[in-house]
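The structure under discussion appears below in the form of structure tokens.
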Amino acid sequence: MANQLHEPVIEQSYYLNMGPQHPSTHGVLRLFLKLDGEYILQADPIIGYGHRGHEKMAESHFYEQFLPNTSRMDYLSGLLYNHGYVAAVEKMARIEVPPRAEYIRVVCAELNRVCSHLLWFGTYLLDLGGITPFLYAFDDREHIMDALDRITGSRLTYNYCRFGGVARDVDAEFVRATRAFIERLRSRFDDYHTLVTKNVIFINRTRGVGVIDRDAALRFGCTGPVLRAAGVPYDIRRAEPYSIYPLLDFDIPTGTTGDVMDRYLVRMREMEQSLRIIEQALDGLPEGPFKGRAPHKVRPPKGDYYFAVESARGALGYYIVSDGTPYPYRIKVRVPSFGNLQVLTEALPGTLVADTVAILGSVDIVVPEVDR
Amino acid sequence: MGIIRDVLVGSWSLITGMGVTIRRYGRRNITTQYPRQRLEMSPSYRGHIEFKRFEDTGSHNCVACGTCMRFCPTNVIKVQGEKTQARSKKRGTLYFIDFSHCSLCGLCVANCPTNTLKFSKEYELAHECRWEGVVDLIRRLEESA
Amino acid sequence: MWQTAVDILGPDVARILAGGIGLVALVQVNTLFLVWLERKVSAHLQLRIGPMEVGPHGILQTLADGIKLIGKELITPRHVDRKLYVLAPIMVFTGVLASLIVIPFSEQLQVRDLNVGVLLIFAFSAFNVLAILMGGWSANNKYSLLGAIRSVAQSVAYEIPLLLVVLNVLLWTNSLQMSIIVETQSHLWNVFWMPVAATIYLICATAETNRAPFDIPEAESELVAGFHTEYSGMRFALFFLAEYSNMFIVAAVATTLFFGGWKSPPLLGFLPVPGVVWFFLKVYVLIFVIIWVRWTFPRLRFDQLMNFSWKVMIPVSLVHLVVYAGIIKIID
């Protein structure tokens, strides 16, 4: 940031701080903007306001004790983070997972993905000014959270996956509630499309705005809906399959131009695909134990391991270095929002201030996972 | 003529959008007016951690092994026990959890070898003084008899 | 007792006093009711219930909020332009009071029946623009300045189609006097044969009062709170009061010009309902529609808003004026 002062200053340009406290930066993100009237000349995201030291905490806790931390890094995809970490340690320590546990994990992960996308939908419309769809989306989310509350015991920080399986078994009531929710959400999609997707004001605000094309997305390491809207069909569930995803039938929605409308449509279609996955997994749920045998204190062999899952925002990776003791030497989490945030330095200049909020919301950054 | 068609299509989309919102008007509301009405928590809800009362002894079964203390990520548990006889198991006499730091993760409940710990359904855990968060679970079990 | 008071003061002064007190009371009670109405309507549109605690179904909630705002400290930041900062909320309120003088609530209930009634209302609505600009500029805050600049451009752009469609009504009635405009609608309300004009009027009126989807000046998610970011306490309450009173004035003018003022609807003329009740009923139905539109749509971006005014609203209203001028000439 210091070298900005040596650049030639355009007449009448000024600096605006969309500071850490702002209604629409989705967390404590600070965007340092250089404006010329209403046009943005330069945008610098400044992070670190929410750093809590999760990776440092991992060095002094053993593997089981780090489980609650994983839910709290990105609280909107708590189960997906749990799943990634537990699968990484199971790969290291070669722990067997029974098939029923795998199915349950996939159902919960996809429910969490739908939950996260619904919240993104609500808050994105809130940033654009339409306050009502936020309440409708949260009404739908309540049903997911009630269903997950029955089996995990909490609504946001789940801490449900354990080494070798899951903590509790699912009962018939959960299956019934999930199927009812799928029916309900499918009928709600029509309402959402009428209220939002076909709305001329919304189309004008999102079509052609904030283009992140394929080249920029690949250069900055974006993954998830940002990359898929630019036309690259890269999804960890298909590229590096894990759990039971090879057995399930689902599509990867992609966009064409990479503007805000494409990212919006990719996420809406991803929700529909997730509902398909949940139905197939519930239909094929096998009987059996829900947790395999795992050692009391996991002591993985020496070495470093990497495991990636597809979180709601992109590719989530856990890189664990173990030195043979129950305490990990280093856990590094590759979060998808970090790469997605960096692409803003290229996507924002040249747009209006009013579009900043639209573009920032469409990239779907969760700042606590950027800062960890 | 394209602009006239755009204006008409746009206006129709606005009118149908308004139809969606007005259809919600007057439907059943989904608000629970807390604190006059309270929700019922699910059976596996992770509330305030408590001791379980076993039917055969009428009391808890804590053997003061310290597993919960070692597994807690935030180190909020303190256990002390004493042996009644030379070769018997220890029995827990003092058990403190500091709920102002407890994250209700459930590692203590999952790893307790005698299944003494359980979750209750209590979620109103706010207190006025910092030291009110430190709860003696054994005394709490005796007072709830 | 009233007779002696009128004798002492003289009929004109008594009328001014009665009118002034009545109008101030109307503004306060109207705001009290409108804020509650908006909160309840928006809550029911969003599947929840609004305020329920204070008073039965939360009727006294606005009163509690008002008392809280009055009790707050009037913080004046150090680097503001003090005279403009203090003057802005007062000025926005005077425009409101002046516009209410000519509105016909009923056959006899009108403070002053000026023969330039419509012109007076649109002249005083310019005070609103000036006050917002003063408030945004004096607060020495980039967010407020952006909000004020946008507000001025938006108000100027949307006044033009507003006046053009009002001209249609004036061509028909041949007079600017509000009571005569209501009289000419005794057989047929203007909205039934000028529906496009009524729609354009309502859209432009929503833009003039800075309500969504045109609420860029106070865009809550982009500019924190726009031009009233730096105001607190009673000054903020005055801006708030003025916004809701502006909504009332705009709906009242729409009722007078297009919906027949205090006349009863066709086919319901036999009901023994006084004109005042019909007037307020129509005004509040229009306000309900404005609130409904606010909570449904996202916000327009600023340049799209200006494009909408210049490229869609103004051509349509010009064509409308020419066509209806021809129709009125043929009818007469």
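As written, the chain order gives the labels A, B and C, with residue 1 at the start of each chain.
Simple rule for what comes next: a residue touches a chain if its C-beta (ideal position, glycine included) is under 8 Å from a C-beta of that chain, and two chains touch if they have at least 3 such contacts.
Owing to the predicted nature of the structure, the values given are computational and were not obtained by experimental measurement.
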### Query
Which of the two pairs, B-C or A-B, is linked by more C-beta contacts?
A-B
### Central subunit by CA centre of mass proxy
A
### Query
Using CA atom averages as chain centres, what separation in Å is found between subunit A and subunit C?
44
### Message
Can you compute the centre-to-centre distance for subunit B and subunit C, using the mean CA position of each chain? Integer Å is fine.
### Response
50
### Query
Once you find the CA centre of subunit A and the CA centre of subunit B, what distance in Å lies between them?
25
### Message
Multi-chain contacts only, two chains or more: what residues does subunit A have there?
### Response
132, 136, 139, 195, 199, 201
### Summary
Touching at least 2 other chains, the residues of subunit C are 45-48, 295-297
### Task
Would you pick out the residues of subunit B that each touch at least 2 other chains?
14, 17, 20-21, 24, 30
### subunit B-facing residues of subunit C, complex
44-49, 52, 292-293, 295-297, 311-312
### Message
Could you list, by residue number, the parts of subunit A that touch subunit C in their complex?
### Response
14, 16, 22-24, 38, 125-132, 135-136, 139, 195, 199, 201-202, 204-205, 352-357
### Touching residues on subunit C, where the partner in the complex is subunit A
42, 45-48, 142, 146, 212-213, 215-216, 219-222, 224, 295-304
### Task
Using the touch rule from the top, collect the residues of subunit B that touch subunit A in their complex.
9-11, 13-14, 16-17, 19-21, 24, 30, 41-46, 71-73, 103-107, 110-111, 119
### Task
Would you tell me which residues of subunit A are touching subunit B in their complex?
57, 61, 64-69, 132, 136, 139, 142, 146, 149-154, 157, 159, 162, 167-168, 191, 194-196, 198-201
